[in-house]
Amino acid sequence: MGGLQIPLEHVLLIASCLFSCGLAGLMLRRNLIFMLMSLEVMLNSAALAFVAAGARWGQPDGQIIFLFILSIAAAEVAVGLGLVLQIQRRFKTLDMDQANRLRG
Amino acid sequence: MAVLWLIPFLPFLSATLMLLSAGRMPRYLSAWLGVGSIGLAAVCVALVARAYLADHQVQELTLWTWMSVDNFTPRIAFRVDGLTVVMMSVITGVGFLIHLYSVEFMWEDESICRYFAYMNLFVAAMLLLVMADNLLLLYLGWEGVGACSYLLVGFWYRDPDNGRAARKAFIVTRVGDTAMALGLFLLFTELGTLDIQPLMAAANDRWQIGDTLPILATALLLGGALGKSAQLPLHTWLPDAMAGPTPVSALIHAATMVTAGVYLIARLYELFLLAPPTLAVIAWIGLLTLLLAAFTALAQKDIKRILAYSTISQIGYMFLALGVGAFASSIFHLVTHAFFKALLFLAAGAVIHCLHHEHNIFRMGGLRTRLPVVFLSFLIGSAALAALPFSSGFFSKEGILLSAWTQPGIGPWLWAGGLLGALLTSIYSFRLVFIVFFGEAQTEPDRQPGWQMAIPLMVLCVLSLVGGWFVLPLSGVLPDPGHDPVSHWVEYISIGTPLLGLTVAYLLYLGRQVSIASLMASPAGAAVQSFWYGGARIDKLYDLLLVRPFTGLTHWWRNEPVDLLYNALVWMTRWGHGRLVVLQTGELRWYATSMVFGLLLLLAIVLRDSA
Amino acid sequence: MMESLFYGASAVALLATVAALTRANAAHALIYLIVSLLAVAVLFFLMGAPFAAALEIVVYAGAIMVLFVFVIMMLNLGEAGNSREREWLAPRKWIVPGILAGILLLELVLAVRHAPDNTSGVEVPPKMVGLTLFGPYVLAVEIASLLLLTGLVGAYHIGRRFIVRRDFSRPGDNS
Amino acid sequence: MSMVVLIGLLLIGGVIAWWTERINSDWPRWVALATVCAALLYLLRITASLSLESFELVPDPHDGASWLLHLKLAWIPRFGINFELAMDGLSLLLVALTLLLGLIAIASSWSEINFKTGFFHANLLWTLAGVCGVFLALDLFLFFLFWEVMLIPMYLLIAIWGHENSGYAAMKFFIFTQFSGLLMLLSIVVLAWQGAVTNGLLSFSYFDLLGLPLEGPLAWVTMLGFFIAFTVKLPGFPFHTWLPDAHTQAPTAGSVLLAGILLKTGAYGLLRFCIPLFPDISAQFAPIAMGLGAAGVIYGAILAFGQTDFKRLVAYSSVSHMGFVLLGLYAWNTLALQGAVMQMVAHGVSTAALFTLAGSLQQRLHTRDMRQMGGLWHQAPRMGACAMFFALASLGLPGLGNFVAEFLILLGLFAVQPWLCAVAALGLISAAIYALWMMQQTFQGEPDTGRQMRDFNGREMLAMTTMIVALIGLGLYPQPVLDLVEPTLDALQQEVRSDVIRAFATTSAAQ
Amino acid sequence: MTGADFQSLSPLLILSGGAAVLMLQIAFVRSVNLTATLTTLILALAALSCVYAGQIEEQRVTPLLLADQFALLFCSLFCAAAAVTALLSHDYIQHHGDEPEEYFLLLTLSTMGACVLAYAVHVASFLLGLELLSVSLYALIAYPNKSILPLEAATKYLVLSGAASATALFGFALLYAVTGTLEFSTLGTRLGETISGQPVLIAGAAMVFAGMAFKLSIVPFHLWTPDVYDGAPSPITGYLASVAKAAVFIAVLRLFLEADLFRYQLLVELIGLMAILSMLAGNLLALLQTNIKRMLAYSSIAHIGYLLIIFMAYLTSSDRALTVEAAAYYLIAYTATTLAAFGLLTLISAQQVERENIELHHVTGLFWQRPLLAALMLVAMLSLAGIPLTAGFIAKFYLFSAAVNGQNWTLLGSLILGSGIGIYYYLRVVYYMTRRPEHQPTEPGTTQSWREFALPGALIAAILLLGTMPQALIAFLESIL
């Protein structure tokens, strides 16, 4: 399998697109769950870039970093979803624009 | 001469003692101390004078080196020559009499101790002034007498007017003093010393007659003299200074301090001789002052103000004399003036003292019989002032007028002016005598002067009469131009003028031949009267040109204009804070957006460059 | 053929991502996101990283997304939530994020345009990954385990009370 | 070590004073008094132990060993920073003045301070220690350290025990001085690195940094860093605006210390560091500096007259008087320099006295507004007499210390800049105006009979008498002071080489 | 792995082992006193073990970690700081959270992350350390359950920090794609070999820096800082501001040094620009802030700005060791000072359950009521303002020296300007503290534990010692660089 001849440039382009989408989602959505999803997208794009880079050099390191990114994403999301639950309970909404008691 | 240092030290010591007692010294002790110390000083002066008269030997005494910086080494040192002897004698002699007089005059004042302290301090400073062998020490005395004058004019500090007069006296003279200080700087910078004798030697050595530097230096020194001696344009303080106790006016503002300017110029005559333009200016200033003050005196109502203007006028004569190079005549007039003006002031003081502190001459009158001693004193004093023949003033003023006459070129003009002044002097002196002592009584005296007052008056009467015969030991100290014999009619006119004035005064004020009242009632007369009553409006002019702008400026600037600059900085930082803090909205999406924005910029910049 | 599969999967990943981020309903969005992740897994596979591809499916799409599903189910946001989301997604709200993201994309494109080489096309088999992982990267694995422990403890502590409250909510406690 | 002991004595005394407050709130006063007395005696002992000839020796500015006392301990070798203290006549004089005025400050606040006396006296002593350090430190880093450190207790003195608006005043004081201090720190560092380039050795020692060849815009900026820091403290126009506020709001002891000593550190810095370190640039800069000095003289005097607050008036008079110091320093000849040093001492004493007086008035009348005073002489003749004396001293009456100082400054200045001298001399006139106006508004005029006022008591009179005697002594026999600092001034003048002195002269000729 | 490897990693081992011990202890005995004591002991032991670890030569432990003196120094600093935080938290957390034991566990894990960052010379260890630090901080920030502000703060921090991490990751991926290495040092050599001016490389470096700039709260990535600082529990704010910042900074500095990212001069110049912006914006924002925590947050932005000067200085200076020394000294001084400042806030607010925010007027008269605490605050504020005798001054002096050496005049100008503004708000705290209290002093806290005396005393001593006798530390720094 594999043996695919794709310019690295193109994979990175796709990763960039995903990354931009993630950022756009972060800026656009008010719902905390969607924000977390956007984060996932961004992390995923980085993972894609790493794997592509590893493939380019024929090294396992890209995949290993992908593995770590996976654990990072898991840990962040776990805590993040815990926060989602608490926010829903305390603020009665997930709209982060409402949660701006801290400012100034 | 060991006794020299005692002369200023004795008054200083007594002043210190009285000041240290903080006003708790018994009044008789203050009086004894005050009068006694001056008396002792006078005795010492007498000793010194006798020694000097015996051999005309200049006496010097160096106490210590005041400071020694680089080549600037002024010493606390005295130098006594003829001029100093004359001045010291006047200061301690007249001073002693006035102190004695003060005992009675001030006896009822609660602050008599303070009074004598200031007076003794003044005498000490004045003695330092005349005994100093260098200009810095002279300056010390010079400013010291100014400070004492300030303290004494404002002696009755409860009345804000007195305080105002005192401040005016100090500040106006300080203007002159500052000019003088600059003169000292110039002299030291150019000649490298402030010791009077080496200074004059060096000046003669390095400068030619008519050089710029001596003219500049003497002009600056003249500034000091004008201020202290109340000459135009710095004369305005003296009439106001009459706010002090009358003996103070007699001592400081008639006999001694105000003549310091004359002394200064005489002391430095060699320097002034190098600057003929300055001398000419001195002469003209003297002339102008004497005329202006005489006119003003004629329009006053306050007995002390009349005498004050008269003092200004008489010092104008002295300046006139200095200006024409008749230094000795000037000093001679200084001495006689000290006698008769002190006498007049003391007599006026006695009138005031006996008349419930009444100053207005038009509310006096008829005192000839009620206060005979005072009347006699006043009469003699006025005669001397008006230079009636054979009074002391006659001799001294005659000398001045003749010197002026012989001055090449401008001499006659000066002479004529002086003559006019003499006429006016005679008129206003006798106007005073006639109004105060003749006519109907307006106010009854409630007491007679006691012996402490009477004795000084008597002594001064005698001095005013015979003073003209004194021969001052000034030969060799001051140059005497020794004027050529002049035609006799000049002398006759000089002699006649005061008599003419007397007559006019008689006609105007006593004889009722010409109604002075109707003259005053006419619009022109009233305008002239008020013009001269206000001292030719010079005070008003200064007020408008200097005082008001200054106070206005201070009021305007009171709250620190420079702070506006710093407040602007503060405002800018606050503004920056305000602009930045609105970004902290607390909205998560905005924060994310700002981060993206930052990332965009960062990438844009690095890529633009590498592309 | 493989190339076209690659680009096809890329397109799917992109479109699914965009769809995921623009849905009003969280559950729908999540499905799109999973699709996107699956497509990325395909990409991994095509690039010669089968291990990564498998993990992408098992862990990412399988485990992490399931967490999301749980939470969405627990919150039970309902139709009211969806309509509010729609409101928040009005087109003009997109303008600024869209422009910024577009510019960023442009910059990234500029940056990676001349990335040097093709992918090697060499497959890196799972065994090699495993050997490296427990060779030079063994300490990293340990640290990653601590990281997961942290996530566990943190999620437990933060999320705990929500569960407690929902299941055993005491009467009168509405806060 | 004796200098360390001196500074340490004050520091430890402060701690003890703070601590003894727990026992009795009166104890700190006595502890503070005892500490300063002990320090004075110790200073006397140090001085007495030196040989008389050593006072006449010209200290070599490149060799600390030739100074009266010298101490050098390694501190931060990484930067060539040493704990280096040295004393010459100038330092000795100023340290003595510091301790003397410290005594006055303690005496003047004896009954004024009742809130936390322990901490108050601790701060007072620490300020003194800091100032002593400033006068003794010859390592630029150490100098800066003392320079900044003395401000903190001063800040606390103003902020805690100050009057109604003390927070603002203290903050203004601190920001002005700290900000300018930062500029100086920058200059010090730049100078040290410059020295490292020239000498091949990084050192902050004054003895090593003197005589560096400095040119170009960087050197100008460096010089300005020093100049601004010192001029702010002096305070020179237009950096003076912190001073009226700080003086007005500070407690009496604070004002005394501020006016009496802290301002002198600015003058000292200019004399010791700013001009000798940058001789050529200073020569070019001198006309501007002197212009600022003259502006300060006039401006301070004008604003002093406009004030209604007693302390503010005195504060502005300080601005005016310190303008003379700036003039004297930049005139840079023996006369003017001696005058400037004299002015530092005399102004220290006279202003300290005036602030003490102001403090006594405020304590008795609970106001500083002169419009509410008037006629106080009647009720408090001793106060009046003292006030009159110091007012006269402040306007430069001959026979008192201030006159000697101002006369020497102007005399020296005249040779350099006659026109500027004439302008500055106007300050003498305006000084008379404000000083006498102050007397008029407070002590003269009609007394308010409804007011009860206590005259000075024995303690206060003792303090006043000390200062009166000091001023008269300085006025009539200033020679000991002049002799003490003469070698130092000679050395500094030799340091600023003769060609530079010529440059001074030509700038004046060009004016 | 050899024995020497283990020795050089002993702090990390102790921390991870400690975490396990703590977990076990929590599982069996729930006792906050025990957990706190245990945590403090573990952290202290870890700090001490750095001395032990430092006895051997510089050691490369797998490609991931480099155990040199530099890493160990900061390891011990972080552990010590965490120990102080643990002590400070003890009273606080008892009042503010239920089940407080896990707090200490998370703190230990977080410190572990910081230490890993200090060791990190590889992208993997860098990322994992960073995330270990961050994830435990999310939980710590959200820990108190009696207020909703921590929740808000944690959410903001999580979302933004996650995005920042992703950005950094993406940047690393770009670097990796071109160079084919994840080790910093090899990355440096490869970067040198590659044709310079490759846009993707500089873009990657910029993205990495942008991600880190967020963590360091450098303008314009700073907006989150005050909100998170404000909402987080006080001891954690102190930890966040000191340890988290220092660890990230050290790691970034390592990255730049090892991989020689200084070759991208434009990037470094941009960092200089951001430094200027941070100094000015941070100080201006803090200017009129009355909430002390927010004020300190803004001030931390400014301080990072000061610290960034050394990047430019490194580029232009002739004495490069000096700039690194300056950074190290500054970080140590800043850590001590920040801990002191927030420690004080913790001690004040430990007994005020209902109020987490401390406004300026709350400290009115503190100087007379609790002198030791106030003295600590005074010293901390002076140190932050850079007044002599305190650690902050020597640190600032170091920066001055480095910047003068590098002739970065613009940066120096901003530094002076910023410090000038800073004096105002730091001093304002002192002013409020020393004001006479308007009402009778409140009763001093009833539960004054020994921590209330020992900790402030130790911190004061540390700050003053660093400020007056810096030579020991300087000599040490000089020897290891």
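When the chains are written out, they are named A, B, C, D and E in that same order, and each has its own residue count from 1.
Note that in this section a contact is a pair of C-beta atoms (placed from the backbone, for glycine too) under 8 Å apart; a residue touches a chain by one contact, two chains touch by 3 or more.
Quantities reported herein were computed from a predicted structural model and do not represent experimental measurements.
Colleague: Count how many hops through touching chains it takes, at the least, to reach chain E starting from chain C.
Modeller: 1
Colleague: What is the identifier of the chain with the smallest separation between its Cα mean and the overall Cα mean?
Modeller: Given all protein C-alpha atoms shown, the central chain works out to be D.
Colleague: Among the chains, which has its CA centre at the largest distance from chain B's?
Modeller: C
Colleague: Quick one: name the chains whose C-beta contact count is the highest of any pair.
Modeller: A-C
Colleague: State, to the nearest whole Å, the distance from the C-alpha centre of chain A to the C-alpha centre of chain E.
Modeller: Averaging C-alpha atoms per chain gives centres 26 Å apart.
Colleague: Roughly how far is chain B from chain D, centre to centre by C-alpha average, rounded to an integer in Å?
Modeller: 37
Colleague: Could you grab the centroid distance between chain D and chain E? Build each centroid from C-alpha atoms only and quote it in angstrom.
Modeller: Roughly 42 Å, centre to centre.
Colleague: Find the geometric centre of each of chain A and chain C from their Cα atoms only, then give the gap between the two centres in Å, rounded to an integer.
Modeller: 6
Colleague: Would you please write down the residue numbers of chain C that are in contact with two or more other chains?
Modeller: As it turns out, chain C has residues touching two or more other chains at 96-97, 100-101, 104, 107-108, 110-116, 137, 140, 144, 147, 150-151, 154-158, 161.
Colleague: Find every residue in chain E that makes contact with two or more other chains and list them.
Modeller: Within chain E, the residues that touch at least two other chains are 124, 128, 131, 135, 138-139, 142, 154-156, 159, 163, 167, 174, 177, 198-200, 203, 226-227.
Colleague: Which chain A residues reach two or more other chains?
Modeller: Within chain A, the residues that touch at least two other chains are 8, 12, 19, 22-23, 26-30, 35-36, 38, 47, 52, 54, 56-57, 59, 61-62, 64, 68, 72, 75-76, 79, 82-83, 86, 90, 96, 99-104.
Colleague: Chain pairs in touch?
Modeller: Here the touching chain pairs work out to A-B, A-C, A-E, B-C, B-D, B-E, C-E, D-E.
Colleague: Which chain C residues qualify as touching chain A in the complex?
Modeller: Contacts found on chain C: 2-3, 6-7, 10, 13-14, 17-18, 20-21, 26, 29-30, 33, 36-37, 40, 43-52, 55-56, 59-60, 63-64, 67-68, 70-72, 74-75, 77, 84-85, 88-89, 93-94, 96-98, 100-102, 104-105, 108-109, 112-124, 128-129, 131-133, 137, 140, 144, 147-148, 150-152, 154-159, 161-163, 165, 175.
Colleague: Okay, in this complex, where on chain D does chain B touch?
Modeller: Those in contact with chain B are residues 237-238, 240-241, 244, 299, 302-303, 305-307, 333-335, 338, 375, 377-378, 381-382, 385, 388, 392, 397-399, 403-404, 407-408, 410-411, 414-415, 418, 421-422, 425-426, 428-429, 432-433, 436-437, 439-440, 443-447, 476-479, 482.
Colleague: For chain B, which residues count as touching chain E in their complex?
Modeller: It is residues 573-574, 576-577, 580-581, 583-584, 586, 588, 590-592, 594-595, 597-599, 601-603, 605-607, 609-611 of chain B that touch chain E.
Colleague: Across the complex, what residues on chain E touch chain C?
Modeller: Result: residues 16, 19, 23, 61-65, 99, 102, 105-106, 109-110, 112, 116, 124-125, 128-129, 131-132, 135-136, 138-139, 142-143, 145, 154, 174, 177-178, 198-200, 203-204 of chain E touch chain C.
Colleague: Contact residues on chain B for chain D in the complex?
Modeller: 19, 22-23, 64-70, 72, 76, 136, 139-140, 142-144, 147, 150-151, 154, 157-160, 163-164, 166-167, 170-171, 174-175, 177-178, 181-182, 184-186, 188-189, 550-551, 553-555, 557-558, 560, 562-563, 565-566
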